[in-house]
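Chains: A, B, C, D, E and F, in written order; residue numbering restarts at 1 for each.
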Amino acid sequence: HLMIDVTGEETGQINGLSVYQNGEYSFGRPSRITCQTYLGQEGVVNIEREAKMSGKIHDKGVLILSGYLGGKYAQEKPLSLSASIAFEQSYSGVDGDSASCAELLTIISSVTGLPLRQDLAITGSMNQRGKVQPIGGVNYKIEGFYQVCESRDLTGEQGVVIPEQNKENLMLKDKIVDSVESGEFNVYTITEIDEAIELFFDRPAEEVHEAVIEALDEMAENLKEMKPGAQKKEDEDIEEDKEEPRH
Amino acid sequence: HLMIDVTGEETGQINGLSVYQNGEYSFGRPSRITCQTYLGQEGVVNIEREAKMSGKIHDKGVLILSGYLGGKYAQEKPLSLSASIAFEQSYSGVDGDSASCAELLTIISSVTGLPLRQDLAITGSMNQRGKVQPIGGVNYKIEGFYQVCESRDLTGEQGVVIPEQNKENLMLKDKIVDSVESGEFNVYTITEIDEAIELFFDRPAEEVHEAVIEALDEMAENLKEMKPGAQKKEDEDIEEDKEEPRH
Amino acid sequence: HLMIDVTGEETGQINGLSVYQNGEYSFGRPSRITCQTYLGQEGVVNIEREAKMSGKIHDKGVLILSGYLGGKYAQEKPLSLSASIAFEQSYSGVDGDSASCAELLTIISSVTGLPLRQDLAITGSMNQRGKVQPIGGVNYKIEGFYQVCESRDLTGEQGVVIPEQNKENLMLKDKIVDSVESGEFNVYTITEIDEAIELFFDRPAEEVHEAVIEALDEMAENLKEMKPGAQKKEDEDIEEDKEEPRH
Amino acid sequence: HLMIDVTGEETGQINGLSVYQNGEYSFGRPSRITCQTYLGQEGVVNIEREAKMSGKIHDKGVLILSGYLGGKYAQEKPLSLSASIAFEQSYSGVDGDSASCAELLTIISSVTGLPLRQDLAITGSMNQRGKVQPIGGVNYKIEGFYQVCESRDLTGEQGVVIPEQNKENLMLKDKIVDSVESGEFNVYTITEIDEAIELFFDRPAEEVHEAVIEALDEMAENLKEMKPGAQKKEDEDIEEDKEEPRH
Amino acid sequence: HLMIDVTGEETGQINGLSVYQNGEYSFGRPSRITCQTYLGQEGVVNIEREAKMSGKIHDKGVLILSGYLGGKYAQEKPLSLSASIAFEQSYSGVDGDSASCAELLTIISSVTGLPLRQDLAITGSMNQRGKVQPIGGVNYKIEGFYQVCESRDLTGEQGVVIPEQNKENLMLKDKIVDSVESGEFNVYTITEIDEAIELFFDRPAEEVHEAVIEALDEMAENLKEMKPGAQKKEDEDIEEDKEEPRH
Amino acid sequence: HLMIDVTGEETGQINGLSVYQNGEYSFGRPSRITCQTYLGQEGVVNIEREAKMSGKIHDKGVLILSGYLGGKYAQEKPLSLSASIAFEQSYSGVDGDSASCAELLTIISSVTGLPLRQDLAITGSMNQRGKVQPIGGVNYKIEGFYQVCESRDLTGEQGVVIPEQNKENLMLKDKIVDSVESGEFNVYTITEIDEAIELFFDRPAEEVHEAVIEALDEMAENLKEMKPGAQKKEDEDIEEDKEEPRH
């Protein structure tokens, strides 16, 4: 029952890439990572960690996302954000930091409402300043996503995003090499998270960051309004009464 | 002393479905899950976890509910809600995330005061974005609820709600298959939590979500009123003096 | 040195019932449970748990009380209450949830100042919505209280309150059966906490709940007054200067 | 180097009584318990517990003091008090609740500035509602204090305060019995903490409780003044400028 | 690389005295204890404890300092102080409470900016009310500081401060006895922390306490100013713009 | 994949020096330490510790940084700063305090936006008052950085910063000694953190501290503005609307 989309766009949902071991045999598989963000002050909530299903290196990777978000977006205002990140349908624990790029993208998507491409999968860790760092098991991971896509027919738009520094580890099966060469499947390499942002949101990174800032400003304002002593602008009130729940 | 209702409606109370093991022998049984919500800022309180009677996967399931609630209802205002969830008469611990759909429904019922159908039972996990995910032991669980209903006479309205993706696992006893075919018992399959909402509250999901938002707005306003510096509207005060405790 | 009252009324103090094991031999004994409530925001403080002398099931039982109190009394205002519950003269730890009805009654008594009958003892767990659930060891427990009362002479008003569903477990010694039949001793069965409230406070449950709400409103107002920016009504101040400590 | 006073009065300092075991041999000894109270909201800080040198039963005893203080003094205002309790010169951990009466007296002394008699020692646990409960080792404890007093010459005013219910355990050495009979040494028995208050502060309990309330009111007011938005009364300011640190 | 000063004055830095064991052989050595205080509400931060390098008795000693500070300086205002205490160059953990006098002196020095004499070292524990209590290993400790001073040439002003009650344990080497007799080295005994204050700050204890109160008042005022709704006095602002960081 | 810069300048990023053991063989290697600072009140967040990948001595080192920052910059206002420190690409845990000088420099760089020289690496622990303390493995560490620089060609500006007190431990390979003598490589020794500040920021320490204070003042003001009741100055608002996210 692998619940994975390989076409279209969705908000707050991305395809990560994991390696599994079955005795001597290793194989890769995409996994769905989701994020929900909302008004609050909890910062990035790592659901796997809260449920004690997360290894130390995964925890470190998520903590680094908080550092990135703070450094990038919280110079003028503290973050008024709770972002809840979960590995869907994962019951045996998560480790490693190779999902940190993926996790950041879901946060940005959920905050802004901008959808993420589902025909791409990503693996790669990032540091606090947005640099992408190499990860392990890159060939298994690419094959894992290739297989799922192929089983549902290749669209030509599908592909994986990997750290530039993993390029030298590439040893893909002939079939995949051929697909890449013929343009049926794509392998993108990146050195900065901004490149991943541009690929997944299909627009300039700068535009995305501005959307984040706008959304966070609105959230900060909403949080402030909730506190006693705060006065709402009358026109805001009217606009708000019309707002519906998200779907 | 199995305290389970299989007819009528109740607020903040639902029939979940559990599988028990007795040596080689497995069997299903409904269990009552209740929720009480109230003004506060604790979010979803998982009583089993607080009492250290909850497994990691159950904890993860409940944490995901917080993500869903935040993403769905806390874009404009932070949640001013404490929701206490308990497995009644459960003394040996709870694990698994197959009750997360059930738990969400009790929260919604308690917040809005809208009653839940007691002639249905539900099993199914949900993700942060409201998608329903398959679970284990579906046949035992259906049989467990069927037996309790049958022992108290089938009404024709009774049934279970299960994830769409578990449909392929169905291998029910002939007796139950016959009851379903003859309309004496029902098996509903769902892919989105909204379908469960419509079945249990017997009205459009949209109407239920609006009732939640209205109730949460009232709670947020009440919380704000409690803080110093806040002024009450005079007419509110009068209305409040007439309010009685819930029963 | 068993410090137990079996006549009269006291505030914030009740007779619970416990079963002890001495090798092969089991016996019941009443135990004094007390509650002190005061202005604060800690909610229900389970002293046994704070001192690490409480088992998981007892913890769950007390957590459920918080759910009940929130759902019943905190729809309009958050609870401004700290309620400290202790098993007096208990040095070896407490488990089980059979004292949860007793504990709730002490909270209500302490909040309102209404006294509890000391010629009754109670055993029974309750759920978040006020339903009473069956417990174990009912015969030993009844005998335990009967013996203490008998040793101090039966008044005819004394008795125990037990869950309705434990009625079928009753196998009392002839002597007690005779006492019950002759009206020397009483066994009351209940299905809702409200029935216990009526027995112990000797007035309609509704009247008691209103007294709780009134007391909690006064507490909420007092807490608000303590915060800066708050202004006291002049007449309140005068009344307060006359208030004495409780005895 | 036993730092114990057996004459005079001191604030926030009392003689407790402990039993020590040395192989087969048991003996009692007074121990100094001190309390410092100050503006804050930590409530009763059990230093032994904070340093992980306290057993569960001692912890329970101190937690019960919080219940007593809340119930007695925090009906109108939350406590604005931090009270730090320590067993001086105790390096090997503390257990049991037989010091809880002593501890309460030091809190009251420190809050009010009223001195405690140093020619008395006390042993006894109390419940949340001020009732005194029996303790163990009463004979060793009395002998321990008697010996220290005797070694520094008996004044005729010296003595110990014990729970009424321990009277039946008394089996004192002839020498002590003679001293008590001749009025050289005193054994006081109590059933309520108020009796201990009257013995140690040498004035009516009611007067002491009023002094506590007055001191707590002043503390609550001082805490409120510290918060922004608060305005000081001009005359208060002047008075405060003259206040010196305590000695 | 023992970084110890034995002449001059420094702020927030003192010479403590420790005993080390090397197989059968014991020896004393001075160790540098530092304190940094700043605006905040964390109270006394025991860095060794935060880093899990502190034993229980050391923790108790530091907790007692909080009691002392609260009782001495927080009757009118809560402490607006964070005080961070560290054993410099200590990598293997700290236990015992014989440094508590030293630690208090560094807090006072850092809060007031008043320098501490570096030609003195101190050992001694204190209780919550400022009484000095005896400690172990006094001879080794004195020898340890004597050796360091001697190796850098005795000034005649150098010496150690020890609890009065340790006087009876003194068994110093002839050389040190001679140095003390000839005025080349000094051993001061104290019973109250105020005596240590006078020795290390070289002024009346009362003057030092007043400087603490003044500094704490300034800190409380600064903390209050930081909160919204607070207005600064114009002249304060001007003065503050000229303030430089501390060196 | 060692991601290390050995030329140019970067903000919030520095070259630390670590020693690794491989069986009998030890060697040094530079490691990248980064910091992101942002508006908040968490103080210094040690990501390694949060992820349980940090030893006690490393924790102590980072805690000491908080003491330094408080003492240096938080006399007039509490710190409104969250500073997240991470060892990039470190997956097996960190211990020792020899990176504390490096960590402080990254905090200062991130707060002020002033870049750090990347052609230098630093090892050295600091105390709460800014004194630099000796560390272990100095020769391996110097060789480690020398090798990386040499492999990318020596610029003549490159070098390491070490504690003055480690000078006596220096036993460098002839090749490095020659490079130092010929001015191809540099070894700087320091006794105060201010000397490191001057080397890495290439300007007077005083100027850097003033930039920190200015930045912290701006942060404190921004945090205050976020709270309800706060009013923004109109011109500030305009300036802020033009501010872009950091890159």
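Some observations on this one:
In the analysis below, contacts are C-beta pairs under 8 Å (C-beta built on N, C-alpha and C of every residue); 3 or more make two chains touch, one makes a residue touch a chain.
Given the structure is predicted, the values throughout are model-derived calculations rather than measurements.
If you take chain B and chain E together, no chain is in touch with both.
Note on chain placement: the centre of chain A and the centre of chain C lie 51 Å apart, centres being C-alpha means.
Chain centres here are Cα averages; for chain C and chain F they lie 59 Å apart.
Computed from the mean C-alpha positions, the centre of chain B lies at a distance of 30 Å from the centre of chain C.
Among the residues of chain E, those touching two or more other chains are numbered 227-229.
Chain contact topology: the protein chains form a single closed ring, every chain touching exactly two others.
Beginning with chain C and continuing to chain D, the ring of touching chains reads C, D, E, F, A, B. Residues of chain B that touch chain C in their complex: 1, 3, 12-13, 32, 34-40, 45, 47-48, 50-53, 82, 84, 86, 88-89, 91, 110, 222-223, 226-229, 240, 243, 245-246.
Every residue of chain D that touches chain C in the complex is listed here, in rising order: 56-57, 59-60, 63-64, 66-68, 70-79, 127-129, 131, 133-134, 165, 209-210, 212-213, 220, 224, 227-230.
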